[in-house]
Amino acid sequence: MTAEVLDRAGASLAAESARFTARGWMPGTAGNLSVTVGRDPLRLAVTASGLDKGELTPADIVVVDADGVGVLGEGGSEQRPSAEAGLHARIAAVTGAGAVIHVHALAAVTAGHHWPEGVVLRDLEMLKGIGHSAHGETVTIPVIANGQDMTVLGDAFEALYVRPASGENDVPALIVADHGIYAWGRDLRQARWHLELTEALLQIVLSRR
Amino acid sequence: MTAEVLDRAGASLAAESARFTARGWMPGTAGNLSVTVGRDPLRLAVTASGLDKGELTPADIVVVDADGVGVLGEGGSEQRPSAEAGLHARIAAVTGAGAVIHVHALAAVTAGHHWPEGVVLRDLEMLKGIGHSAHGETVTIPVIANGQDMTVLGDAFEALYVRPASGENDVPALIVADHGIYAWGRDLRQARWHLELTEALLQIVLSRR
Amino acid sequence: MTAEVLDRAGASLAAESARFTARGWMPGTAGNLSVTVGRDPLRLAVTASGLDKGELTPADIVVVDADGVGVLGEGGSEQRPSAEAGLHARIAAVTGAGAVIHVHALAAVTAGHHWPEGVVLRDLEMLKGIGHSAHGETVTIPVIANGQDMTVLGDAFEALYVRPASGENDVPALIVADHGIYAWGRDLRQARWHLELTEALLQIVLSRR
Amino acid sequence: MTAEVLDRAGASLAAESARFTARGWMPGTAGNLSVTVGRDPLRLAVTASGLDKGELTPADIVVVDADGVGVLGEGGSEQRPSAEAGLHARIAAVTGAGAVIHVHALAAVTAGHHWPEGVVLRDLEMLKGIGHSAHGETVTIPVIANGQDMTVLGDAFEALYVRPASGENDVPALIVADHGIYAWGRDLRQARWHLELTEALLQIVLSRR
């Protein structure tokens, strides 16, 4: 990939990270964002680990492969990628997403605690914004248990994501219980839209408990 | 209408949309705003559909008629108007509003869920800001069921809005259950004031449950 | 008073109004702020009525007397002062305040509803910030009923403010039930400090219900 | 120490204070921040008392010793240090922290009220950000009673901080009940990270009550 592609990706990742930091969704150095920059083989530009997400520069990205392992010699910094890059890559591989966002938004953590089997949503207008019907369709935001092995988390995600003989429950978001939320889309902007809408939907169902 | 009128309308709509996005009231691409730019026949400039409401430009407006259908050749962009433009137009026609705002504010959605027959407000100072008395008058913020057919929603609104032989319950706001809120006024600024006041009133009554 | 004094007062009032608007404490055109600009006779510069409090200019002030009635010919604009200017003036007269702030902050309205006889605070560090002890002293934020006659409200305030033979309950804040809060201080900055601290104290006691 | 070191410390302290003020964590003149500028003897640059924490300049710092007493002739202003400087100094001495932050964040005050024996956290991802495991480890955010004698508070902190024969409960945060929270780290940025993460963790456990 060209330096220009990575520069653009880095600038977008820094800008969106600053936005989420301002919303309080990236406390400390929590969370990470990625953009898919290559498909064959799979390559993601992901925010570097351990940095303040409100102060990233376009250079603070790492190129990782399908396992979330840093790839040297293809551009990006030589900083350490987050361990969570492995789940970003799995989501990008399974869903075809062009961008993945992971933040520690409160409604997601709270909803994941109350509904560990998945958060059931139905008859809400904003379901349209995540690809479903506003009426008469039951949509479940999947919830998986937290863990430090991204292969285990990726398998748990994939088991819930691929529905037998249907694409019915294709939801562009995943709650990791006691941890946070992942949301994705064709690009970083749509991934943000999906994140904002899912968090808003979760706030609504939490307000009804 | 002149290009200057549309330019001014577009600039105001973009600025107010950015304001509501910053407040979290327009997650994803949710919500839309309009300004009445002609009365005979009715014409509204409404924000275009599917765009990030924090990043609109003055050109991101569509001119629609009394049914919310895009009108070509009268200025504005050729982008797709939101389906909800039909409800904007109905509200403008019925109430004479110069501007209508539709956002997905949380207190409105929560209140609409708890009080599907309408949210009853009484003895609150801020009722003065939406045209009523701070004392001794019962005011109901109407709530209608959500739906995708704007004619049905418009009829439901009109049935609640026009009181037999009185103007008593003239409230410049409407909750669409499981969805969001509409507020309107003589211009975009007053429509915003009505929105802010109604949302604040709803937060007060929700805090008392 | 000189034009310079009024100019400075107007600039401060506009800046602080914009600050409170950004916090959501002045929905619509709600709330008003004043600075004492003369003592003998009493004169206040108060924000003009009916304007967006996020968009005031230094010229958007009115000079009022001890009854809150606009005084012509002494500078300031000829706009209409808020009816609430009468309560500002009473507070300035009774307490010697150099500035009074009135906003519609949510915790104040909620606390006033739950504790109409006054909000009792005790053993909280921030009581020091409103002139009391952090330990072993019971402090009551007075609550008065809402009304439109500022003489009635002023009398209710004064009855609660002046304690027989003591200055014990001298609290620089007053809740008007179903309405909002007044806070004051020697200048606009200290009045804001008192407002921020009182609202924070009320949030604490509300979180403990 | 050199003027340059103090200038840099002052600029950082002013910037971070403004950040926390914007979040509502420093109402009135509440809270204070410090940076360790000397170890032998211990010297801290601490924000001056009684000032608006959103408007500090780099010069608004005081140099204090291990007892939190102002030291003249070593740079910094001659303003009054906060009484709380004594607890800052104790924390810096006991933990080796390079920076200490004290703010009045709501979740800390609420959690300290509900769990006066300490806030027990377990199985939460963000525990990693304050130096613990996300799984299978019980971590307690210590809570001490409020008081005005910093020696008493410092002793209470030290009794909870130093665990017999272990470093197990080394948590970079301390709740002072009915008052606020202290957080610290190797520098001001890491202290902020610890503060943000602890406040987020407390919001999570409060949402589960």
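Here the chain labels run A, B, C and D in written order, and each chain numbers its own residues starting at 1.
The criterion applied here is as follows: a residue touches a chain if its C-beta (ideal position, glycine included) is under 8 Å from a C-beta of that chain, and two chains touch if they have at least 3 such contacts.
Just so we're on the same page, UniProt names per chain: A, B, C, D = Methylthioribulose-1-phosphate dehydratase.
Nothing here was measured: the structure is a model prediction, and the numbers come from that model.
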Where chain A and chain D overlap in contact partners, by chain label: none
Inter-chain centre distance, chain A versus chain C - centres from mean C-alpha coordinates, in Å: 46
Inter-chain centre distance, chain C versus chain D - centres from mean C-alpha coordinates, in Å: 32
Chain D, residues touching no fewer than two other chains: none
Chains that touch, pairwise: A-B, A-D, B-C, C-D
Complex contacts: residues of chain D adjacent to chain C: 24, 27-30, 52, 104, 106, 109-110, 113, 146-148, 176, 178-180
Chain C-touching residues of chain B, taken from the complex the two chains share: 123-126, 129, 134-135, 189, 193-194, 196-197, 199-200, 203-204, 207-208
